[in-house]
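Below are two complexes that have chain A in common, paired first with chain B and then with chain C.
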Partner chain A sequence: MGTTEPTVTGSLRDRPGLVIASLFGALLLVDLVAKLVGIELGPVGGSLSTGRLGSNLWNGVVIGLVIGLAGIGLSMTYSILNFANFSHGDLVSLGAFTGWGVAFVVAAGSDIPIRALLTVRAAGNATPGDIGAHVLSTPGAILVGLVVAFVVTALVALGLDRAFYKPMRDRSGISLLIASIGVALVVRYLIQFVYGSGRRGVTASVDASNVAFGPLGLSVNAHQLTLSVAAIALMFATHFMLQHTKLGTAMRAMADNKDLALITGIPAERVVTATWLIGGGLAGASGYLYVLLRGTIQFDFGWLLLLLIFAAVILGGIGSVYGAIAGGLVIGIVFTTSTIWIPSDFNEAAAFAVMILVLLFRPEGIFGGVSTA
Partner chain B sequence: MSTDGGAGGADRDDAGTDATGIDTDTDATGVDTDTDAGTNTDTDATGVDTDTDAGTRHTLGGDAILRIRGLDAGYGDLQILSDVDLDVADGEYVTIVGPNGAGKSTVMKTVFGLTTYMDGSVEFEGAEIQGNAPEEIIRRGVGFVPQTDNVFPGLSVRENLEMGAYILDSVPEDRIEEIYGRFPILREREGQKAGTLSGGQQQMVAMGRALMLDPDLLLLDEPSAGLAPDLVSDMFDRIDRINDSGTAILMVEQNAKEALRRCDRGYVLVDGENRYTDRGDVLLGDDDVRQDFLGG
Partner chain C sequence: MTDDTTPDSATGAVLDAVRRSDLGVVLLTLGLIYVAAALLTFADGLNSVVGLMRTLTFLGLVYALSALALNLHWGYTGLFNIGVAGFMAVGVYTMGIVVRAPDPAFGPPGLGLPLPVGIVAGMGMAAFVGLFAALPALRLRADYLAIVTLGLSEIIRLTLQSSAVDTFLRETFAVGTGGGRGMGMPPNPVRGLFLVDGQAGTPTELGSLIFGTLGDGGVGISNNILIGWGYVLVLAAFLIGFYVLLERLGRSPFGRNLKAIREDDLVADSLGKNVDVIKIKVFMIGCALMGLAGILWFGSQGNVSPTPQFMPLLTFYVFVAVIIGGSGSNTGSVVGGIVFAAVLFEGPRRLGAVVRDTIDAPTPPSFADALVSFDPVTFLAYATDNVAPLQFVFLGLVLIFIMHRRPEGLLGHRIETAAAVDLSADSRPSGGDADE
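Here is the complex of A and B:
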């Protein structure tokens, strides 16, 4: 009994890094409070309105939902197919382009050439204002686009599996990882070939699209709200599928123990097919939704996002769907709130620093060891 | 700790009631072999022929549900089994014993299509099944409980059982009820993740999973491995009762003496080849078998 206190101090002595990290975290917290109250504390001082903190946190949650949604598929392919899929980011881009192309066709009038619409303005001179795609003015088009993004990306992911990954099913995770880098390049430059390489605006602007939450001084954009609702709905759907359907249970079983799944009579290929359809579909949907937030699109944005998605999945405990969501939220919030202290050019670095810190003290990740497919 | 202790207590209670069960079981087995004698005359004859030595004839007459002939199998290029013959009659309880590396588990894995089949034949209920995929073998009525990693740790107890019936269109509630009746502790732990159960309870989940399709033949690979010593005899009692309800059993067991005491017939496998075959009690009483494989 009397040994508890020495053990605590002992473990602190064993892990000086933890003490330093905690102290640094506490310092940031104190500084944050000081900033909010308006007291200058040394060179890093400055004041911060609750409104700005609120909007930082809110933006972090929104980005976190995108990253988490995309991370679900990455985590699924990791746990069920045993490899880190580097082509996942380009599936995110693919969903965005195909989804927005169709959303434009539905949203725009007939006077704009359909080719310009389907290629998300790669051809022709239509402006986002002409097309007018916005959730308040053309909600139907936005919804159709989301469905198309999910379905097309799911099918392409399955096609890529049949073409590249299925013949390699028995190979090691490293072989598959390297193959997936090749697939990533193929998909990325096919997107560039079809849709062009320019970065361009996508969503139209609509007056009074912000909803203000008075007491917090927080202003929430209609597109952010749409993204959050859609992402959370998709996450719940995934959760329900995994926990309450036969196929979902089989997916978790296969993630748990492939050999036992085999001798239990679980049809592995059917589970793998479902994994690609669901994981790919969610990647496509997250890319489509991310464009709703950013308002712009370019052919390699998914690839650039992949690093953050990996960070979220690893942080959450690779292989865990719920870990991916939790990791996405942490990465998203760190990503945006770090700009309180550091220039926004460095906020990705802050996200990775937090990932590394968490992994130093919990190498299995937040949800690691709790296998949930 | 307290829940574990409670579970252990419950288990021991079961074992207590089984203690009488064992006696009747052994008697029943004795009677079984006698009544079966009509069809099993071959085996019995072998037993009688080689009264002093353990038998060396490895096959039954025509009524075997599992019939292995001249089986060569292994892993990749590595051959483990060489010309193995083995029979299991309908409702029979057969064990394979032998030193480490004799290929005992390989026999089972080969029946289940998990090794590299090389030559010979495996017949189940009259159909050749060598080289079939596990899913097909399950459909034919064979269940397999591997030695380790035999539950899905992240799935609940009930989900583990449901996965056992994956190939059916709907979950057979009556089977789940029967398995809960057989292993009452599993009903209590229904919603708990299998990975959080004790070793003995996980073994019950694994057996329950394999029994979901009501197999005609159950393959058990080292069912007592990793169990606390006081749970081992309880586990053997449960296996006796599964056999009593009509399921034939082919078991590999490290605990050779106990396994031979319980089973109808035993095979001694050495270096991937048949060495002795006879009734369990005859093998147990044979001097050569005792000295070479049972530690005197």
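Here is the complex of A and C:
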């Protein structure tokens, strides 16, 4: 390897699988263009309206922002604590339940019993319409809920670390991974025990919440817009924290080279604490926003989302916060646009397949493993 | 463990012998579980006791089979495969497709071949999918491999779940998966040993002999429980087969290569071992065994469907069984499977039901209602009626506890000898005894 000059043809010959995967990707792109133009050449082409493609892409971006936001925390714990945290998805669920409980309390009138509100309708008979939580009618409640989701999940993540992960700080990544599966079970089923197992509606419906704009007639609803604004704001806040504060610099140093960070006197435990607070908080906020988008909540939705979050983090290169965001967008778009070619009960499988392909051919991530945090 | 002190009493000697013999450990575990099961149900009559024992033994055996297969990957070779549920699903579904009739009364059509062909095909297909899963195993770190195998098992589940795939298979190959509705499994041949054509009321000669002595004509155990015990015996035979296979494999040169890869695959590579080929082989063997375990387990259950049965949770169950027993130890996997099934899987819900029966209070509709009642009895009624989530919480805590306090499991951390002969056994000549 060291003696020959790396050439394009040489690297192509070394990795036939990558070539096949790239060719397949190119074929899909050609097919997409053919579909848009409306040409049909054997199996290639067909018809696809730009409106459908546009709405697929937009939905993909929205879901991708949620996945990317949740991925930031997963990526941080992966790079700073060196383990794949399987309990991250359940922190996402936890943020959604606690945040929506408080949002309901703020949004609803005093005639609905508080236990029905705090448990996100596990008790009592209140309907989402009675409670009336919607960003257009009760924007304050939605914002309070978001803050609560962030704060509570951050504190719980820190508590879980102190109770379960701190005693095994020096152990191997696999031991921590297995322990995190245990933590995931504890958190998920405590949520089920407290909030019940039923899937239920959360947001009320409000007239005229859809905004159509652009030449494509893209339909954007108020919750999608809220989610995008909140997610992008949180991402910028994370970016600022990482690049322009002492804590952020210390976190990046820990992620880059732990030993070097330690001998330069970076307080490791304080950085770890901050990692859990920020990563957990962002997970909770993303879960809250995801429920805002979908309008329904269920005790294990975060767990079901976890593999997509992993896919995003792997795609962006583990340890890179910006990679996680970009990976989230890619996964979100794959998730929604793949329905152009395959049946819709397969879109999740398509996202996992992209993840496996990236791990096989480019395990350092599509951005070449530039770890920025 | 190899202390040479003579035990003081007869019971001490028995306990010592049990501890030294792997079979003793397994039988002692089973015995303790039977005692607990009998204590829990003796008031409900003989059938409850024998029925619960059958359920616990069945679950213990199928978890032990799956744990042994996983132990080959993780315990022996250090391959962190958390796609067990997917490989089991491949085995079961392939068997179902091969064996089901081409024109069934309901459900997807199959090829109509005999059951043994189906079992072999299921194992073969699981091994073939394992070959694909092994490709990432060659180059990925353990935690990446975990995510890839988990993703693969979800892809398999979603594929089996998909009605589009079902339609496609029906139109192209005239077979189907049944999509989300699942697939009926072929009748269990063990039932045919007891009943002619599996029909109740027409026992075979063996059936009438056993039903006459142990069943309604004799001791009074119900016929279905007896047939269930018959299948448990078949599973036990398979378990012995798995165990012997893995033990022999572990002691062979191939097995020593596996352990070398687990400890440091760079060293194994430097010593001229073809690490890639060995990893592919072991992945295929393990996946075939997982497929067989899946067939023996879910193939005997009447109907399979992808979503409740082959979720990643199934993989974690098997993993917990391996971890309890201690990864790398075959006996540990067997004991872990039995302990997991009885203590963590089936035990809590039975115990919860028993406790619930003693409480004379209505169940509140939700946690919040139970909490605001400020009545511990009402709260206990809610907790025992919702024992399923608490059981998972308990499972999670046990997993964390083991990783904290005893990562080597109950029977792990046995001394591994690099030599082909057993150095830990006392082979010094004492009075001219022959070799063992």
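Following the convention adopted for this analysis, the second predicted complex is superposed on the first by the 341 of 373 C-alpha atoms of A that agree within 3 Å, B and C clash if a C-alpha of one lies under 4 Å from a C-alpha of the other, contacts with A are read in each partner's own complex, and residues count from 1 in each chain.
Basically, contacts are C-beta pairs under 8 Å (C-beta built on N, C-alpha and C of every residue); 3 or more make two chains touch, one makes a residue touch a chain.
None of these values were measured; they are calculated from a predicted model.
Peer 1: Based on the superposed arrangement around chain A, label chain B with chain C as either clash or fit.
Peer 2: Pair status: fit.
Peer 1: Which partner chains sit in contact with A:Leu262 here, chain B, chain C, both or neither? Use first/second/both/neither.
Peer 2: first
Peer 1: So, does A:Val229 touch the first partner chain B, the second partner chain C, both, or neither?
Peer 2: Neither: A:Val229 stays clear of chain B and chain C.
Peer 1: In the superposed arrangement, does A:Ile39 touch chain B (first), chain C (second), both or neither?
Peer 2: After superposing on A, A:Ile39 lies clear of both chain B and chain C.
Peer 1: For A:Ala26, using the defined touch cut-off, is the partner it touches chain B, chain C, both, or neither? Pick first, second, both or neither.
Peer 2: Neither chain B nor chain C is touched by A:Ala26.
Peer 1: Touching A:Ile181 in the superposition: chain B (first), chain C (second), both, neither?
Peer 2: second
Peer 1: Is it chain B or chain C that touches the larger share of residues in chain A?
Peer 2: So, of the two partners, C touches more residues of chain A.
Peer 1: For the combined three-chain view, what is the angle at the C-alpha centre of chain A formed with the C-alpha centres of chain B and chain C, to the nearest 10°?
Peer 2: Between chain B and chain C, as viewed from chain A: 90 degrees.
Peer 1: State whether A:Thr249 touches chain B only (first), chain C only (second), both chains, or neither.
Peer 2: Only chain B is touched by A:Thr249; chain C is not.
Peer 1: State the minimum pairwise Cα distance, in Å, between chain B and chain C in the overlaid complexes.
Peer 2: 21
Peer 1: Once the two structures are fitted together, what part of chain A is touched by chain B and by chain C alike?
Peer 2: Shared contact residues on chain A: none.
Peer 1: Please output the residues of chain A touching chain B within their complex, sorted ascending.
Peer 2: Chain A residues touching chain B: 246, 249-250, 252-253, 255-257, 259-267, 370-373.
Peer 1: Given the complex with chain C, which residues does chain A contribute to the contact?
Peer 2: That would be residues 83-84, 115-116, 118-119, 122-124, 164, 167-168, 171, 173-175, 177-179, 181-186, 188-190, 192-197, 307, 310-311, 314, 342-343, 345-346, 348-349, 352-353, 355-356, 359-360, 363 of chain A.
Peer 1: Quick one: in the complex, what on chain C touches chain A?
Peer 2: The contact residues of chain C facing chain A are 80, 135-136, 139-140, 142-144, 146-148, 150-152, 154-155, 158-159, 161-164, 316, 319, 323, 365-369, 371-372, 386, 389-393, 395-400, 403-404, 407.
Peer 1: Quick one: in the complex, what on chain B touches chain A?
Peer 2: Per the touch definition, chain B meets chain A at residues 112, 114, 134-135, 138-139, 144, 146, 149-155, 159, 162-164, 166-167, 209.
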